[in-house]
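In C-alpha cells below, several structures.
One chain, chain A, links the two complexes that follow: it is found with chain B in the first and with chain C in the second.
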Partner chain A sequence: MAERPQVAPAARNFGRDETGDSPAARLARLKEGDTVTAHISRWDPGTEPAPRFETYRVPYTKWMRVLEVLTYVSEEIGGDLAHRWFCANRMCGTCAVRVNGREVLACWEPVEPEMTIEPLRNAPVVRDLVIDRSGYEQRVSGLVPWLERREPYRGFPEPLTHPAMAAADKALDCISCMCCFSACPVIGLGDETKFAGPAPLVQLARVALDPRDGIDRGRIALERGAVFDCVSCYKCEEVCPVSIPIVTGSIEPLKALAFKSLPRKSRHARVFLAIVRSRGRIDPSALVLGVQRLTALRHPLRVLKLWRHGKIDPLKTLFGFRLPDIAQIRQIFEAVRGGSR
Partner chain B sequence: MRRVAAEAVVIGGGAAGTFAALELHRRGVKPLILCKGLVGKSGASIFAGNLVVPGRLLGNTEQQARDTAEFLIRMHNHFLIDQHYARAAGEWIEREYYPELERAGLYLRRDEHGEIVTNEGPVRCMAAHSQGESGVLFMDLRRKQVLQAGIPWLEETAATALLTEADGAIAGVMALDLARGEVVAIESRAVILATGYADRFYPRSTATREMSADGIAMAWRAGAELMNLEIQWWHTSDVRYPLCWQRTQVYPNPIIGSSHSARLYNSGGEVFFDQEADAPIAMGPYTLQLKRLAKQVLAGKARFDGGYYSGFNHVAPDVVTAYTDYAKAFAAVGKSVASDTLETACSAHYRQGGIVVDPATMATRVRGLYVAGGVGGHSNGLIAPVTYDGMLAAETVATDLPRLKSSALPEDKAAAEEARLLALRRSLPSNGVAPAHVKRALRSVMSEKMGFFKDAIMMNGALAEVTRLRDELLPAMGLANVTPRLNYTWLDAIDVVNLLDVAALTIRGALNRTESRGPFYRTDFPEMDNANWLVKNILTPTPNGDVRFRTEPYELPFFKPDFVRRHSLEVDW
Partner chain C sequence: MRFAYYPGCSAQSTCKELNAATHVVASKLGLDLIELPSAGCTGSRELRAIDPDLFLALNARLLALAEANGLPLMTVCNTCTLNFLDVNKTLSEEPMRLAAVNAILAKQGLTYRGTTRVSHFLWVLLEDIGEARLRALVVRRLSGLRVAAFYGCHITRPPAHFGFVDSRNARAIETVNAILGCESIDYSGRTECCGFHTAAHEEKIAIKLTGRHIKSAKDNGAGAIVTPCPLCHTVLDTFQDQMERDLGSELGMPILHLPQLVGLAIGVAPAQLGVDHHMVPFDLALD
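Right, the complex of A and B next:
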C-alpha cells in the first residue's frame, strides 16, 4: 500500500461539537471559491501491482460533500475514477469510503480542505474506491436475518406495540454501508476469528430482538457469529453514519441471548463471570488466557505489545490480585443468581 | 461472451422487479434477476417515504377510501390511468400487499398502545420504522426475501438490449457485467422490464445514479409502443445544497402523528405553499406545489433551480422528530429543523408515462415482453401499485410460458450487440468527448428547453439540439481509460445512447400533446383540454425507424374531471 499523505485525522462521531468537528464548524472552514485538495487512492488490481495516491484539486461549492469531489474528479479530471454510489441521500449505503483514515458515507460527509480518500478495509478492492461487497453479504445471509415467526401471523394489523419493538428499533436504521465492518479490528484479523462483524450482527439483532421472532438467535449469534469475539472497542459505533449503538444495542444483547441459550459454549461469558466473581473485577490477561487457553501464547510479540501498552498485566494475573471488598461482590453474585432462578 | 439461460428474466431490482421474481418463484418458474445496481439498494424504491393507507384499511371511512382513490387517479395521474386497473390494484393492496409485508416482518411504526401511526386528514399514510425511510426497510426486506428464496441474480450487470426472433418474439437479453467487463447473453423467452419511473435527463433528478431510460429505449428498439412520455413530474422541495443531494426532500406530505407539513417560502419570506391549508387531499401535493412555484417564478420571487425555501419551523420540533427522519438533512448542514428553513429547488421526478402495456396483464405488444412498475405507461410508479404490477406480470408470465415457443439465441443479433458494446469502449480520440460531457450537454438542453415553461419553438430547438448531440458528439465519444474492469465511463457511454434516443422521443411526444396537463405545461397551449387530450399519447415505431402517433381515450368509470377546458395553472392537479 502506498504511504498515505499526512493530513490531520478527522475526529470521531463522538464529541464532534467539542472538537470543532460538527458539520457547522467544518462548513465554516470553507467558502465558495476555495479549493479542496483530495489525495485519492487509485488502483486497478488487474493491471497494477499496488495502489497509489493521486492528488486532485476541486473547486468548493456550498456545503460540499465528499461525493461531489469524487464525481468532479471522475467526470472532469480523473476521467475514469471508479467509485460506487446510487442514492446520494444516506439511504442505499453503497458510497462509503475512508476520509483521512475514517469510514464515512461520501454522500453525507462534508469535505475537508485537504483529505485522503481510500476504499474501505476488510474487503477486496475491485478498482479504485470500489470494494467487493460479496464477502460481507455472505456473512449477513449466513446469519439468516429474516423473521421466523414464533406464532402464526394473525392478520393485518398484527398486535404489536412500539415499546415491544424498542429494542430492535435502532438496529432498523442500519443501511449496510459497511463502515463499521471496515473499522472493526477483529474483522481485520482475518481467518484468526470467525467473528461475523458488527453490521452483520446488527442485522441479526433486528430479528433477535423482535418480539415476533421465535428461533434460537442466541445459538446463531454464538455458533455462526462468534459474537464473543467482539472486544467492545466501539470502533464500529465511532464510525456509524446513522449513529446505531452497535455494541450496547446489538452485540451486547446478542451476547446475553447466546449465554442464555448455550451457557456451556459461551466460554467468554463464563470466564468473564468467574474472574469477576473470584477477583472482584475483570483482569484482561486472565480473560484472554481463560478464553483462548494456550493459543493465547501463540503470538508472543502481541502479548509483549499489549503488556507494553498497559492493556494486560500478567504479573497481576500471576499473583492473583483481589479487590478488598470481594465478599460483598460475591454476595451480589449470589443475590443475582438467586433472583434469576 | 458469457452465456446464461433462464426461464424468465426480470430486469430491475426494485419493488416491482423483486416482487415479480418472488411471485414467479412461488409459481414454480425459475427467474433470474438482472440488476444494473444492487438488488434493493439501487433504484428509486428506497425513496418511498410514505405508505398510503388504501380502501377501508385501518379504520378508513368510506369517504377516506374514496378520497384515496381520487388522489391516485386525479392528483397523481391527472386521469391518465386505467381506472379499472387502479381499482383492482387498490383492492389487492388492501387485501394482500400490507398483510404480505407485515407477515414477512416489515415493522409499520406503532405508538405505545399498538396503533399504527398515520397522519390526520382525508388521505392517510403510515411508515415502515420511520417516515422518510420506509423504502429502505421495505427494499431491505425484499432483498432478504429474494436471498431466502434462493433466486439467482446478476448484480451490477446492465441490460443493454432485448434480443428478438425473426417473428418479433423475445429470445433473450444482452447485458454487461460491469465488474468483470464481460458481455453476457441470456437466453430467455420471457422478460419482465422493471427498470423504474425515472431517468437522469435533467441536471437535477430524483433518480438513482444508474437510472438512464434503459428500459424504455430497449423496449422501443424491440418494437414496443410508448405513451405519455411528456408527463414529467417534478419534486419542488428538494434541498438545493449540497449539490449532490438532489433527492433530499423537505417532504411536503403531512407528518404522521399530526396534520402538519412543511411550508414553502419565496425569496421575500412569504409563504406560497402550505399543504394543510392549500391541499388537504393532496397526500403528495407535488403538482400543486409546482404550479404555485411557477407563479412565484413569473412574479420574480423564486427560480425553478432555487431562491425559495422550505421548512418545518412553524411546527413544534418534537412533532417533526417523533416519527420521521426529516431532521437529518438540517443536522448535516449544521441547521436546526426547529428554527431554520433550507433553500430548495426542483428535481425531475416521476415520468408518468412509459411503455404501453395491457394493464390487466402487464403484457406489451411484443410477444414475451412484460412490464412492471413505473417504466410502464399505465401508472406513475407509487411503490404499492408497482408491486401489484410485479404480481400481475409474474402471473401472466407463468400462464404464458407454456405457450411461448422455445428458441435458440439469435447469434447474429447477439454478436452485433456485443460488437456495439465493445466499440463504445474505445479510447478518447483527439478532440473527442467524454460520455459524462455528452450527458451534461443533454441535461443542459433539457433544462433550458424542456423545463416547466416551454412552447413549440423551444421544443423544436431542443429536438434539433438532441439530434445534433447524437449525430456530432456520439461519433466523437471515447473513454479516458479503456480498462474493462468496473469501468463506469464505459457504462456512461452505453447510457448516453439510451438517454439521447429517449429524450428525442420524449420531446416529440411533448410536441404532439397540444395542451397542458398536471405537471406538463406549454405556454403555447396553457389550457388543460379534457375534450381532446384526456387520451393516451401513443408513439408507435415504424419499420423505417420513425415514429407514428395515435391516441386512445381513457374510460372514466369512477372519476372524471369537472370541467372541459381550464387554464392549467388554475387547476389544483
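Right, the complex of A and C next:
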C-alpha cells in the first residue's frame, strides 16, 4: 500500500478564511434579525432593452437559502419577480441561478449578507431569473442520450452489477440543472464551436458508459458533441451541485471512446500520443504542425517572429529531438499499449 | 532546501526563458534544484483521457525518480502539477494499480512507494521558503508595478481535491505580489481558462477566451500579467497579436512568468530572466 504523501496545502487556500467557503462558515456571518441585501437582475426582454438590478432587503431567518429570499421578494415585496423552482430539495434542477457570479441551486445555497442574483448564462432570458431551456434540451436530445440496445431486452429483473455500472454511476446523478452549462467558457463562445457542453456530455456518458448500450457513442461524442473542444478547465466541476466529476468521469471517457472509434478524426490526441512515444517529450511546434499540417505555416511572418524570439526551433522540430532515455518511455508504451498506436 | 525539479515540455521549448529564470531565481532563493534526468512528458490532460494506464505509468516513473533521490518534486507548470497530484492520489488509493505500475517500472530498476511530495514553484515560495524569508530577500521593491494574476486552471481546480477549495478564493499570487512590493489588480480573468488545451487544433477558442481577459486586465489598469503556468503564458503572450485583431483593439500587455517577477524583486537582471524572449515587450519602469 502506498504511503499517502504529506501535502501542506496552505498556499492553495489563501483567502479561504476571509471568504469562507463552507455553508456553516457563511451562515455564521448572519444571525436572526439581520437583513439580507439582494440585488436581483430584472428584465423583460419583450419590453425592456437591457437587464437592470433591483435591490431588495429581506429579513434573515435561520438557515436561510437563496430560494427563500426569492420567494420572499416575489410574495412580499415585488410580486412580479419571475423565478423557477419546484422541489426545493436539490432534486429537480430547475432553480439554478448565479449568486455573486457563481452558478448555484437557489434551494440549496446559503444566503450571503449581500448578494447579486442573476439568471444562468448561455441561454436566452425569458424574464428576470427564468431562462429558456429549449436550446439546451435540443442539444441533449441530439446526442441520443437513451439506451440503444444491441441485444433484445431480456425482461425484468435485468442482471446488472455494481462494477459494471461503476463508470456510469456518477453521471446518473445529473439533475440537468444547467449550472455547468452556464459556467462553461467554451459554451460561452456561442456558435464559435460545436462543443455540446458539459451537461449534455454527462447525459451522453450516462449511456455511453452503460454496459447495456450498443451503439457507437464515441462517434456521437466526436461528430455531434465536438468532445475534444473541452478545455479541461474544470469550471463545470466547480459549480456542479451534485459533485459529478464531469471532466474526469464523463468527458475524458467520451474522449477515449471517440479516439477508439475514430482515431483519424481524433487528430490532436493521435499526434500527441505519437510525439510522446517517438520523442518522449512534447515539442509544441511538432504538435501544431502534426495537427494543423501546412496551415500551421499560413502566417510566415508570425512564424519568423516566433523563431526570432526563441519560441520555436524549426531545426529541432524537423530533425527530431529525442530524450536521451527514450528507450524507457517506449518500454512503458510497449508494456501498456503493446503494438497499438 | 533541495527539490527534484521537473520543468515540463513547455519550459524546455516555447518558454525556455521560464526554465532559465527558474534556475537563476531558485539559486538566489536558496533552492537546490536537482533536475530529473530524461524527464519525459506527463501527458497533459490528453493522455489521461485517452489512455489512463499509460498516463499513470509515465507519471509514476517521474515520481519514482524523485522518490529514489529522497526529494520533493517541484514543477513550474500548472498542468504537470495537476498530473502529478492526480497520479499520486490514484496510486495511494488504488493499490492494485500501483502494483501494476510498479511491475512496469521494475524493468527500469524503479519502484514507486507513493511518498513524493509534489509542489509548484508558487507553493514553494509560500510554504517552503515562507513569507518572512522571501520578504527579506527583496532588494528592489516593485512599487508602481500594477500586476494582474492569471492563475490558470490546474493549480486551482478541480475543486475538493488536492487541497483546492474554491478558485475564487485563490490569493497566493496576490500574497507574493504584496511581498514583492507590487500592486495587485482585480479583473475578470484571475482564475479563468486560457484555452491552451485546445489551442493546437482549435486556436480560436484560446484567442476568444483569453483576449477578453487581457482586455479586462488592461481596462483595470494592469501594467503586466503574471502567470505561474507556461501554457497560459504561451497563449497570453504568443497569441496576443491575434487577440488584438479579433478584438479590434490594442492590448500590448506584457506577460511575466512568476519566477521572472520574483527575480526582478530579488535583484536578478532582466536579461538573465529572459524577458526579452517574450513576444510582447516588457519594460520595468518603477516609481
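Here are some notes:
Criterion: the second predicted complex is superposed on the first by the 256 of 341 C-alpha atoms of A that agree within 3 Å, B and C clash if a C-alpha of one lies under 4 Å from a C-alpha of the other, contacts with A are read in each partner's own complex, and residues count from 1 in each chain.
Everything below uses one rule, namely that a residue touches a chain if its C-beta (ideal position, glycine included) is under 8 Å from a C-beta of that chain, and two chains touch if they have at least 3 such contacts.
It should be emphasised that the depicted structure is a prediction, and the values quoted were computed from it without experimental measurement.
Look at A:D325: by the touch rule set out above, it reaches chain C but stays clear of chain B.
Within the superposed three-chain model, A:V231 lies in touch with chain C and out of touch with chain B [touch as defined at top].
Residue contacts after overlaying the shared chain place A:Y153 against chain B, while chain C stays out of touching range. By the document's definition of touching, of the two partners only chain C reaches A:R302; chain B does not.
Once the two complexes are overlaid on chain A, none of the chain A residues touched by chain B in the first is touched by chain C in the second. Of all residues in chain B, only 37-38, 41-43, 46-47, 57-58, 98-99, 102-105, 107-114, 116, 129-130, 133, 135-137, 140, 144-145, 147-148, 179, 208-210, 241-248, 328, 331-335, 428, 434, 436-437, 440, 479-481, 483, 485-489 touch chain A in the complex they form.
By the touch criterion stated above, chain C contacts chain A in their complex at residues 9-10, 12-17, 37-41, 43-54, 57-58, 61, 88, 91-92, 95, 98, 104, 107-108, 112-118, 122-123, 125-127, 153-160, 162-172, 174-175, 192-193, 195-198, 200-202, 204-205, 208-209, 234, 238, 241, 277-279.
Against chain C, in their complex, chain A makes its touches with residues 1-16, 19, 21, 101-102, 185-186, 189, 192-193, 228-235, 237-238, 243, 245, 247-248, 251-253, 255-256, 259, 266-269, 272-273, 276, 280-285, 287-288, 291-292, 302, 305-306, 309-313, 323-326, 328-329, 331-333, 335-337. Of all the residues in chain A, the ones that touch chain B in their complex are 22-25, 27, 44, 46-47, 61-65, 67-68, 71, 74-75, 78-80, 82-83, 85-94, 107-108, 110, 126-127, 130, 132-133, 141, 144-147, 149, 153, 155-163, 165, 168-169, 172-173, 175-176, 207, 210, 212.
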